[in-house]
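Below you'll find the structures, each written out as structure tokens.
First chain A sits with chain B, and in the next complex the same chain sits with chain C.
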Partner chain A sequence: METMTAKTSTLGRLRRFALSESILLLLLLMFGGAALFAPGFLSLFNIKNLLLQSVDIMVVSVGMTFVLLNGGIDFSCVAVLALGSVFGAWTMADSPLAHTPMAIPAGILVMVGIGLLVGAINGLSVVVLKMPSFIATLATMMVGSGVAVWFASLVAEKASIIGLPESFFILGGDQGILLPVAIVLVLALLAHWLLSTTLFGRWVYAVGTNPRAAFVSGMPVKRTVFLLMVLSGVFAGIQSVLATARNQAGIPSLGDRVFIDIVASIIIGGTSVFGGSGSVIKTVYGVLFITLLNNVVNLLGIEWYVISLIKGILVLTAAFIDVFSKRVDLVQR
Partner chain B sequence: MPADNVLTLRNITKSFFGAQVLHGIDLAVRRGEVLGLVGENGAGKSTLMNVLGGVVPRDGGSIELKGSAFEPTSPRDALKAGIAFIHQELSLFSNLTVAENIFIDELPTGPLWSVQYEQMRAKAQEYIGAFGVEASPVTKIGSLPMGVRQTVEITKAVIKNAEIIIFDEPTTSLSQKEKESLFKLIERLHHEYGITIIYISHILEDVFALCDRIAVLRDGHLVGVDETGRLDKPAVIRMMVGRDLSQVYPKVEKTVGDVVYEARNVVQGRAVQGVSLELRTGEIVGLFGLMGAGRTELVRCLFGVDRMDSGEITFRGRRLRSITPEACIRQGMAFVTEDRRQEGLFMPKPVKDNLVAVGLRHMTGLLGMVKRPQESAEAAKAVGNLGIRVQDPERQQAKSLSGGNQQKVVLGKWISQQPTMFILDEPTRGVDVGAKHEIYEIINGMAKRGATVLFVSSEMEELMGVCDRILVMHRGQIIGSLERSEYHQERIMSLALGGRGR
Partner chain C sequence: MKRHGISMMVFALVGVLISLVPNAARAADKKMKIGVSMDSLEAAFWLANEKAMKAEAAKLGVEYVLVIAEGDANKQNQQVENLIAQGAKAIVIAPKDGAAIMAAVKKAKSAGVPVVMNNRPVQGDTKPDLQILSDNYTMAKQALQWFVDKAKAQKKSYNALLLIGNLGDENAIERKKGHTEVINANKDIIKVVAEVPSEWKHEVALAGMQNAFQAHPEIDLIITPSDFLFPPIQTVLTQLGRWKKIGEPGHVAIVSFDGDENGMKHMRDGYDWVDAAQAADKTGQLCIDWAVKLAKGEKPPDPVMRDPGVIVTVDNLKKVGPTIWGWGSGN
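Entry: the complex of A and B
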């Protein structure tokens, strides 16, 4: 045992680094390539745009990372984005609270509250009814998206709800991108701190690795899984606040386009789909990478189907690395 | 007489993670004999056979099969060369039928690759009749008892023209009756079909009854091989253990105090049917029973890993209202699971993470943040105290350790909590002799400090060596309690079989 580890330590560490930090290397390569070849990439306008685009999916991706760490998935974030957007916008524009000083706080509360509620429903389905998160959140996604479209058609003439207070738009980068970027950064750091330093974070990794061993070791498995689902919902709710502010309207189709990019970001970032390994930092890299990819493809005028193709291949590669590293371990047993 | 030997192993070596498991084994197997292969857990029996079966590659040495070199790289190679394996865990598909299982790797096909079920059933029926399998070819394997499943597997081996059949602990999950019919079948394979048999077991009675010759492995060395007639049980045990039992089972001075733990009428399904027991401080109590007696189910209920249907537990004068692992740990109890891989360890996580898995909640400070220095210190302490052989507990994965060291990690995560009640389910399974000894010392140390130990094992000798008292379970009930002075192998066994224990 001693000789094995000694022999492989340098090489192993290098390999481990290349595997675990491959997303960072890829990100830097992509950035360098884009700076050299994509016209207008380094312009202030484009960099701003790039940051705003990454803000669009950052919070919800970080939130869903919690669920993936437990080997699950959360489809319902799509519905939370939509529900939050239409109910929040309605609260700010058309409800009795509209045009009062309470409009914006109430709107934000509604959006985050919807995330909390949907997350709690998912959590109960998974923990109490013992449903796979795949099914539980697919159901809430379908119901929630339906409700969002129905509600929007009820209160707005067109599909989207407009007439939101102007001061709300600073959250969307209306007065400069610093505020939304700062909010996203703080949330990501908070999530990272939670996972990497607290007892709760340790439980997340333990439960994600082996829930039975965690249970026998006296860890609160159910509570942990429930909280993960709730956190994912709350983060999606916060994302809905930022997205609604950026679009300056309550839009029921807000989440439709971004779901693929959220999941792709997490997986390309290197969080394992089997649970138990991954991190918020990885997801942040993943989000930046996906945004960069979208941006570059856009600048180069490449057709959109190509990008879907590239993302698909990248997700497959990331998943393969994930499975491969596990299989190597199995053989070494 | 080299012509006589169907199989010759020369100087076979094998290491796992730098720990040598086989130290140059030389073994010749004669054509048509029944060769017994015995040794303690971890002696290298299974590894040797896995090398032969192409399951794991060997490090060195050569294998000669029927006069030519044999280089198996997969179990398929071995099967093609006429070597079949009957494993501890059967490798049948429980959702398929008997006939499908027999022909699984070469389903007879007709036009358009459609499976020729009629032909398959007819052919399967032929062999089933010959071997007395108590099932029709269209029965699903999942609905058959273990003994019949095993016969199906043997049938499959014979249909594949196996010349050598290796049985690896085939009787562990069989009833007495099933065992007898298995032995009759082995006799037939041997006499009627001329098949060479390698029979691995640690049940010496069986080996003596069945085998022409016996080979003994100890710590990866072949320590002896001889005709059964020239050996007796004590001699084989001496070869297997390599030392007196007193050296294997350490003795301690300790005092047994008052009753602290009391279970009343514990019931769970059909597995546990109203068990009551009383345990004292400083007492090590063994729990023995055959496969299916309900030992594991009982202790899992006691710790709340599985829910009990009814029953009550009193610990240190208080009745426990909530019985979950979390609550039991809070009361000062600990539980070493039988299933190390699935329930004991976080295999892909570092040794350190595993060692603090239970104690972590007491190592937090401000805002629930884990105190890393304390965490590392506790882990390092456990590594030192238990002599866990690991290079870097902070980074090395639990699964990279040997079985014995893995088990010490499991013990370590509990011992650091200083439990006053310790439930151990098969704590020495898959652990080598040296580590076993260390585990016994750990258990003794716990008891000496006044902890109560409930020790489940299917190795009777181990219980007789370590425990102050042995409880025997049969069909979900405790049907006997023996003090040390009453220990007698046959008596314990007859109790376990449901007898009165004379």
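Entry: the complex of A and C
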């Protein structure tokens, strides 16, 4: 009897593990499939590629997870990528600080500062002006993208800014992937720690689940929402640093097309579009999954439009299941 | 329920993915693999160019692997990395951004994979093995100069709308430079009353032109950096009742670039005065030829090959038109 109970409980634990870590298991399945079928997949060159390519959207996705946990969205993160890229590149290549020892620190400061500024504007718009994050960040995205293109065309003869210091490219993996991967890992762990162990983390989930109840319970709802938007902006600013170093240029169109990958990673990872549930670790798995998908599709020579199709279906279905499960929850209550 | 549902869905999609694996990819690769990375495949120029590359690859018996960046410079760099990883022996790139692609070119070169730039050049110090380009600046200049000379002969002057491509694209910049130089030297003939950036997007060009015509109904000349933008040009002029042939009252003159099917059709139909035609198909064919040669260790005589282009005008249309790739069946 005891053996049966032990077996049942082991099976139960395994089942619970399989369900709670399904995205991780899927990742492993995809990896195994790719190793079997995709030519060149297991080469050291490609494994390095995969890690670097996951860096390309990891930080911004982790930042955006904070906003999604609150049931919001941050469209402006892509504009922060572009804005940071052109202003930071200009600081390093063409400003009075260019070619001085201060060029790189100043450039990085500018990029992260732009993220902070845009995040603060978004936060104030949502908290003080009571604008939905959808509208507030859409507006900052449009303004930001426009400013990025305008500024680049003003300072660079050929729109994108080149001539950045060679040593800056280390952050993009030019001399090995360790540094960018380590930066991303530290940031993801920091975000995970913030959400899972601090009081702020508990506020985030509580406000995301039910802001009114959180307010009645005495939680600082406005401050939490403001900080979420700022964090998302800062993380996008840091992503801008890494992406600019990786592409070795300040690009005004940087981030134009990555929004779908960012959102897809978070939602496929398991963060609810309604807020209140999800985690940074799941987003990390989601990013790895999307990166792996992009990589494998290329390696297999599958037609290019298939990837869009797959991502679109994944996001739509994940969102549908999210909506459906919320309805079931409501009915069961 | 949610996670279970998502996992089921993704399991199914993984199955679909695996079933989509082309036989060629599953089998051990025997043929030489040539990677082709395109910015996007929307414009007729790029469609014709890609078609020619594919045909040339089939003719030469090499494996042709195509990736499309969908207008994303960062994604294009990732895709070039993926082409290197899967063992491409040479890579042909039509870059979204001439500056951003530098990082991918560096990577390919350090992996010993030769790179051929297709129609768009690389900026910066790192140069690919070969660049097959159009002489955009000269062609744009020649086409507009021909129109200016014609206007001078007819004692006419024009209020122009200058359409601009994507300023991240070197070709768009060079064409703008060529157009602007002729305009500045002939201000008595052409006065630019509106500049409309298109970002190489129809909807952006359409909205910009509608606004420009609203503000400046006196516009009677459109200078476009690509035949790709003909659909929004036709839409806006039709809406205004000004889609008129040369010689008809209300006609808006057009000076264009590319020599694609739209451009050639509108020249035949009498709407377009002059089109600077590039060799989309020939460029594509040369890119694959040289990619294979480079992979075999041959060196090009010159690291940059330039297509001088052909200026197709209403005067030489019958003679020159049929030699252009976009002429088609002539219907």
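Assume the second predicted complex is superposed on the first by the 313 of 333 C-alpha atoms of A that agree within 3 Å, B and C clash if a C-alpha of one lies under 4 Å from a C-alpha of the other, contacts with A are read in each partner's own complex, and residues count from 1 in each chain.
As a convention for this text, contacts are C-beta pairs under 8 Å (C-beta built on N, C-alpha and C of every residue); 3 or more make two chains touch, one makes a residue touch a chain.
Quantities reported herein were computed from a predicted structural model and do not represent experimental measurements.
If you put the two complexes together on chain A, you find that chain B and chain C both fit without a clash.
When both complexes are overlaid on chain A, the residue A:313 reaches chain C alone and has no touch with chain B. Between chain B and chain C, it is C that contacts the larger number of residues in chain A. In the superposition on chain A, A:256 makes contact with chain C only, while chain B stays out of contact range. Contacts of A:202 after superposition: chain B is touched, whereas chain C is not reached.
Angle at the C-alpha centre of chain A formed with the centres of chain B and chain C, after superposition on chain A: 130°, rounded to the nearest 10. Once you line the two complexes up on chain A, you'll see the smallest CA to CA distance from chain B to chain C is 14 Å. Overlap of the chain B and chain C contact sets on chain A: empty, with no shared residue. On the chain A side of its complex with chain C, the touching residues are 19-20, 22-23, 25-26, 29-30, 33, 37-41, 43, 45-46, 49, 52-53, 56, 149, 152-153, 157-163, 172, 243, 246-249, 251-258, 268, 270, 272, 289, 293-302, 304, 306, 308, 310, 313-314, 317-318, 321-322, 324-325, 328. The touching residues of chain B, when paired with chain A in their complex, are 17-19, 303, 305, 325-326, 328-330, 335, 337, 342-349, 353, 357-358, 360-361, 364, 367-370, 389-392, 396-397, 399-402, 413. The touching residues of chain A, counted against chain B in their complex, run 1-6, 197-202, 205-206, 209-210, 212-220, 276-277, 326, 329, 332-333. Against chain A, the residues of chain C that register as touching in their complex are 1-7, 9-11, 13-14, 16-18, 20-22, 24-26, 29, 65-68, 70-75, 77-79, 81-87, 96-100, 102-103, 106, 111, 123-124, 166-168, 170, 173.
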